[in-house]
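Could you have a look at this structure, given as structure tokens, before my questions?
For clarity, chains are labelled A, B, C and D in written order, and residue numbers in each chain start from 1.
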Amino acid sequence: MSKIRVGMIGYKFMGKAHSNAYRALPMFFPDVPKPEMKAICGRDPEGLEQARAQFGWESAETDWRDLIARDDIDLIDINAPSDAHKEIALAAAAAGKHIFCEKPLALNLADSVEMLEAAENAGIKHLVGFNYRFAPAVQLAKKLIAEGRIGKIYHFRGLFLQDFIVDPEFPLVWRLQKEIAGSGSHGDLGAHVIDMARFLVGEFQEVIGMSETFIKERPIPSAMTGLSAKGDKDAPRGPVTVDDATLFLARFAGGALGSIEATRFAPGHRCTNSFEINGSKGSIKFDFERVNELQVYFTDDAPDVQGFRRVLATDPAHAYSEAWWPPGHTIGYEHTFTHELHELMLALSEDRQPVPNFHDGVACQAVLEAVDKSIEERRWVSISELR
Amino acid sequence: MSKIRVGMIGYKFMGKAHSNAYRALPMFFPDVPKPEMKAICGRDPEGLEQARAQFGWESAETDWRDLIARDDIDLIDINAPSDAHKEIALAAAAAGKHIFCEKPLALNLADSVEMLEAAENAGIKHLVGFNYRFAPAVQLAKKLIAEGRIGKIYHFRGLFLQDFIVDPEFPLVWRLQKEIAGSGSHGDLGAHVIDMARFLVGEFQEVIGMSETFIKERPIPSAMTGLSAKGDKDAPRGPVTVDDATLFLARFAGGALGSIEATRFAPGHRCTNSFEINGSKGSIKFDFERVNELQVYFTDDAPDVQGFRRVLATDPAHAYSEAWWPPGHTIGYEHTFTHELHELMLALSEDRQPVPNFHDGVACQAVLEAVDKSIEERRWVSISELR
Amino acid sequence: MSKIRVGMIGYKFMGKAHSNAYRALPMFFPDVPKPEMKAICGRDPEGLEQARAQFGWESAETDWRDLIARDDIDLIDINAPSDAHKEIALAAAAAGKHIFCEKPLALNLADSVEMLEAAENAGIKHLVGFNYRFAPAVQLAKKLIAEGRIGKIYHFRGLFLQDFIVDPEFPLVWRLQKEIAGSGSHGDLGAHVIDMARFLVGEFQEVIGMSETFIKERPIPSAMTGLSAKGDKDAPRGPVTVDDATLFLARFAGGALGSIEATRFAPGHRCTNSFEINGSKGSIKFDFERVNELQVYFTDDAPDVQGFRRVLATDPAHAYSEAWWPPGHTIGYEHTFTHELHELMLALSEDRQPVPNFHDGVACQAVLEAVDKSIEERRWVSISELR
Amino acid sequence: MSKIRVGMIGYKFMGKAHSNAYRALPMFFPDVPKPEMKAICGRDPEGLEQARAQFGWESAETDWRDLIARDDIDLIDINAPSDAHKEIALAAAAAGKHIFCEKPLALNLADSVEMLEAAENAGIKHLVGFNYRFAPAVQLAKKLIAEGRIGKIYHFRGLFLQDFIVDPEFPLVWRLQKEIAGSGSHGDLGAHVIDMARFLVGEFQEVIGMSETFIKERPIPSAMTGLSAKGDKDAPRGPVTVDDATLFLARFAGGALGSIEATRFAPGHRCTNSFEINGSKGSIKFDFERVNELQVYFTDDAPDVQGFRRVLATDPAHAYSEAWWPPGHTIGYEHTFTHELHELMLALSEDRQPVPNFHDGVACQAVLEAVDKSIEERRWVSISELR
């Protein structure tokens, strides 16, 4: 198997990020099958054609059913709005296509379980887009934990802080509407932290949360345009129906304590996706705004030189790094997708499920909903209650 | 009023810190009454005499009742173990002495309320030792918030991380025994974060928490010696009866969301007493390990130069700083006590209650117990339930 | 003009970096002519074909003369070893091809002047590869200075620190041989700092330097392979003929004082290309290991909140950033080349010389040689002595 | 020997800093003889009496000759203006008093040599106030180097950056007048860096420097008041006769290369006294604005976790730290003097010369003057030329 033929649905922020990864992969990672950018799919013909030309796809389709029906496509990449994931994925699975689905897998747990079952029944390969796992610094964290170098884990402290909607005049974009986005900061940002915790610490056992919508009404924009919409002071107002911030406490199956927070109301934090892990032998800190760095501490360092080390994860000793540039030459956010794609292509060539896959999407969704339930019912909720 | 005659009970860590403040105050802050170090009090005559000579107290008493009975003492400084605070404070109040009491005010809310009432009834002045308020960087945070420069507060995120008992062979010192210490990381460390939150954000409304004792048994030390006890591998084991870590979520009366964590199981953190506050106009970050620094962000900075500023709070524009050294010449942890003492002496000379006083001690204790109750009953607890 | 047809000579580290930029440009910057990757050129047919396929070039040439002779090529990209730059550039200019030449322009000033004159006489466009200018954070530094927001510049302090040859057993690769590399840390690393200083501060006036080769002999490698060669303990030794470290002081024409250092003997610094500029109204700091960040200080900030701001140059207010990802989503080292290429394509479409061009290559070389001369003659050397 | 009776001449910034150390020493370091604060000396009776009372000296003298003549004084502490050091020191030595002299030892090398000879001939003990050596983090640096843990030293890079005179309206205080101050940033700030380099790296061999006075005239203040004088826009102007900034390159006797810069024109740097040392086995970084921290890197750390460690030098493993507070509880700038005094008292009790002593003062002065000479004659100057 030397090539995988891809059809991608969606061409906005994530469509651009995925396209970039498809283009980069064969140049930097010729060890895995090459993705062929066969077709891009979207509803607006004009915008679609522009994206096709700019991103470098061979062809375009305006109906995703047509895309799935094509027999020159092996893999369906779903990065359309979240509310469309399920229908597309079920159809793709039915057609025997492998699936690369952006997170969140679906708008709710039931849907995501349905997607997982469909994929499993169809015998296809499936990956869910928790790209942050694939930063070399995060891979290093995983390696240190897996090798026991941090010891037994006591604490996981995860934050995802943004500030793009702090201004009350920021408009009521689709991300602030529950029927389209499914969730606010919790599902959009918190989901990444939950996946990170599962990746590094293990399964959640029980949770209790709290959430708030600080700005309850916002100007309705004339055209919906994702993150970049401009507000209009005299525009009519509509209700914000998702959370601005959600925090929760957690107990992990392995005994660790967790604290997780996602907010879009943290001025000065453009994209602070950060965590700290404390274990019996050491600690680890990561901040996505410095995506190439990991802070590491070991309790068994000599007593006079104990301290967090700032490790720049660009050395040959670090995952993926040798494919890129010499030590000290950093890579950007975008290549978390390239590495994610590497995992997908490698798994396809090895005929195994890639990781993270729909199981992880379902597990993440279960935690999200357990938190929601805990907020609604003001009590601790065990993850097992939801499955 | 040019002098205040002090009798101090306790001569360990806090006794040393207070003594240092008494010695430093008149040199750097001659604007307030000078504390006269009349007598130090403790039970062990030998250790007491050594402390007296080393710290510079005029005389020593081995019975605190004798100290309180002396008519050449205006102010009783209580930094004996927490379980002795109440009895001493009640006696001091009854004798009409002003009181400077270390935190925690008492082992439980009921006791602290009793202390407050006794002090109020006696008409004395009282201060409780939340010294971290008095770092110039923290004072700057307070000023920025008070002046509205951070706007409406949305988030308070507070941590107090230490690592001195991570080793399972660290012995069962008194701080790990509930009957003496009252509480573990929660009461010892979390109390400081709670006070910081009250100082900067306002009153707590409701809380829900979680706690854990990771190491349930430890070697019994031959002699109890605070932080520095050495473990003995073959020593018999005894149960740890306080929490190693306590986390909680909170809602503030003003609408902000809070997340607070205290743990002694965070390797690499010798004393990370840190917080971040996000408001509608900006953010503030503080970490006690860099006690002279405050990180500040403003949303109305020019769009191309927005970013957290590292402010070194050693300029004439910063509280207390002009009394010390030129800009850029940092001061240490110890002078949070000197500034705290300045507030006490100033309040005495102005015949007003100092801040923070027993009201703050009570309020902090109420939050601590609300958290305890929330852990025990696994539900949200309103602070008002406890008063 | 919608396309520029490119032929590239060289396919190692820089060939890879350039290829990546050619691939990325049209996707992220469709506003400029698209570079067509017509042909790649190198001497080893096998390695060349692998690079061609991996990097995505249409064809390959093993003789650069054949490449230049092709009439389907508009632009010659020279990133062959430094000692080949001149001959190729002269031929390309003679053939009327535009030139994108990696730094150093040539092995010495005389050669670089000859190249500049040939290019000017031929009326072609020419760019020299000082890619670090094109980091958005550096562009922000330039903007702040140009707008007078830093005031009159007093100090430039530039460092380029690496550590890849600290081990005495690191072999005698071509970069350590004067006849091929021309220079050591001075020409390789210092050249970047000199260009940065010229870009931000202006022309150098006079310099005095010092240099050292700490490890005078190294094992001769069996095969020359750039940075990654492995040493062999029993291999015969050969002399290192370039500098391990070079430092110099400088006076700028505008009155600023400069201090510049380049070394490959700074353990812990994989690629610290950093500078600080102090002016009458503020200061700027940059470190390439955190390529997305600029530290900025303004003297007219309010007295109580003065401090260096950490600006993440990923906002719409920052150069190039809107073409990439949302704020806070960093880019990597590699896109300094993409932006450099953007300047080249834009200049070609506007029929103007791109910047930096061969004039800048010559000016940089003049400073390098003035430093060399100052070291040899142990005296201050004016840049004007060399032209 | 349990007590040393001290007479101190000077009561401004350094007088305050020394007094603070005399008061702190016996409380925190009862292991060494206790300094008795017998007498303080200054010319203005009113200011002197205020200082005496505030700092806690037993008596006051307005003529330093009277102070030296007293037979109840063992040690003369000289922190009067630099131009008075020599005369006082010669008299003190003649009277057989030990001497603690602030830096600079004298206004020039000849004077400082004379002082050294007088002290040696008199058989007294002498210490010169290079207090920065005594930060625990700097002591750790020294220890790591002495134990060979950094290997052979290749580079020393030292900066002392301040910004208090960047405003051109800052008045012409005595520090800006050569006849009183002797030197500007070079002698005031650079001297500290030179001493640090000598302490950590060893002797200087040759130097070449550059200096500048950016603001050549300033308003004459009505009253001379050190750092804090306020400017008057309409005041007459006078010439600044010292350097605003001085930079120099150096070669050390041990083969290391040095770069040293002192400036008062670095906005944002209140007191950045920083250095970095690179050796064959690791690197060390220090910044006085974070006086409790040392950054340390080791080449032999495991390949995947190499990085600078941030060591908080407050553990029992660090010099002086056990005398203070628990780990993580920082100390301030001021206690570099307390530790310096500890060395002096310890040396007196052990009947040996303290370090640094007048030999170090002379050696530092020689380097300062070699730099001056190199600037004047625009050539490399060997330190040996001056002795």
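One rule holds for everything that comes next: contacts are C-beta pairs under 8 Å (C-beta built on N, C-alpha and C of every residue); 3 or more make two chains touch, one makes a residue touch a chain.
Note that this is a predicted model, so its numbers are computed, not measured.
J.: Counting C-beta pairs in contact, does A-B beat B-C or the other way around?
T.: Higher C-beta contact count between the two pairs: A-B.
J.: Would you kindly say which chain has the C-alpha centre located farthest from the C-alpha centre of chain A?
T.: Computed centres place D farthest from chain A.
J.: Distance from the CA centroid of chain A to that of chain B, rounded to the nearest Å?
T.: Chain centroid spacing, chain A to chain B, equals 41 Å.
J.: Could you work out how far the Cα centre of chain A sits from that of chain C, in whole Å?
T.: 35
J.: Measuring from the mean C-alpha position of chain B to the mean C-alpha position of chain C, what distance in angstrom results?
T.: Computed from C-alpha means, the inter-chain centre distance equals 54 Å.
J.: Give me the residue numbers in chain B that touch at least two other chains, ranges are fine.
T.: Chain B, residues with two or more chain partners: 269, 298, 306-308, 312, 315.
J.: Please output the residues of chain D touching chain A within their complex, sorted ascending.
T.: Those in contact with chain A are residues 140, 143-144, 296, 298, 301, 303-312, 315-318.
J.: Residue numbers of chain A touching chain B in their complex, please.
T.: For chain A paired with chain B, touching residues are 154-155, 157, 159, 161, 163, 166-167, 208-210, 212, 214, 245, 247-249, 251, 255, 257, 259, 261, 263, 265-269, 276, 278-283, 297-299, 306-308, 378-380.
J.: Can you list the chain D residues touching chain B in their complex?
T.: Spelled out, the residues of chain D in touch with chain B are 13, 17, 19-20, 23-24, 26-27, 30, 53-56, 162, 164, 227, 269-272, 288-291, 312, 314-315, 324-335.
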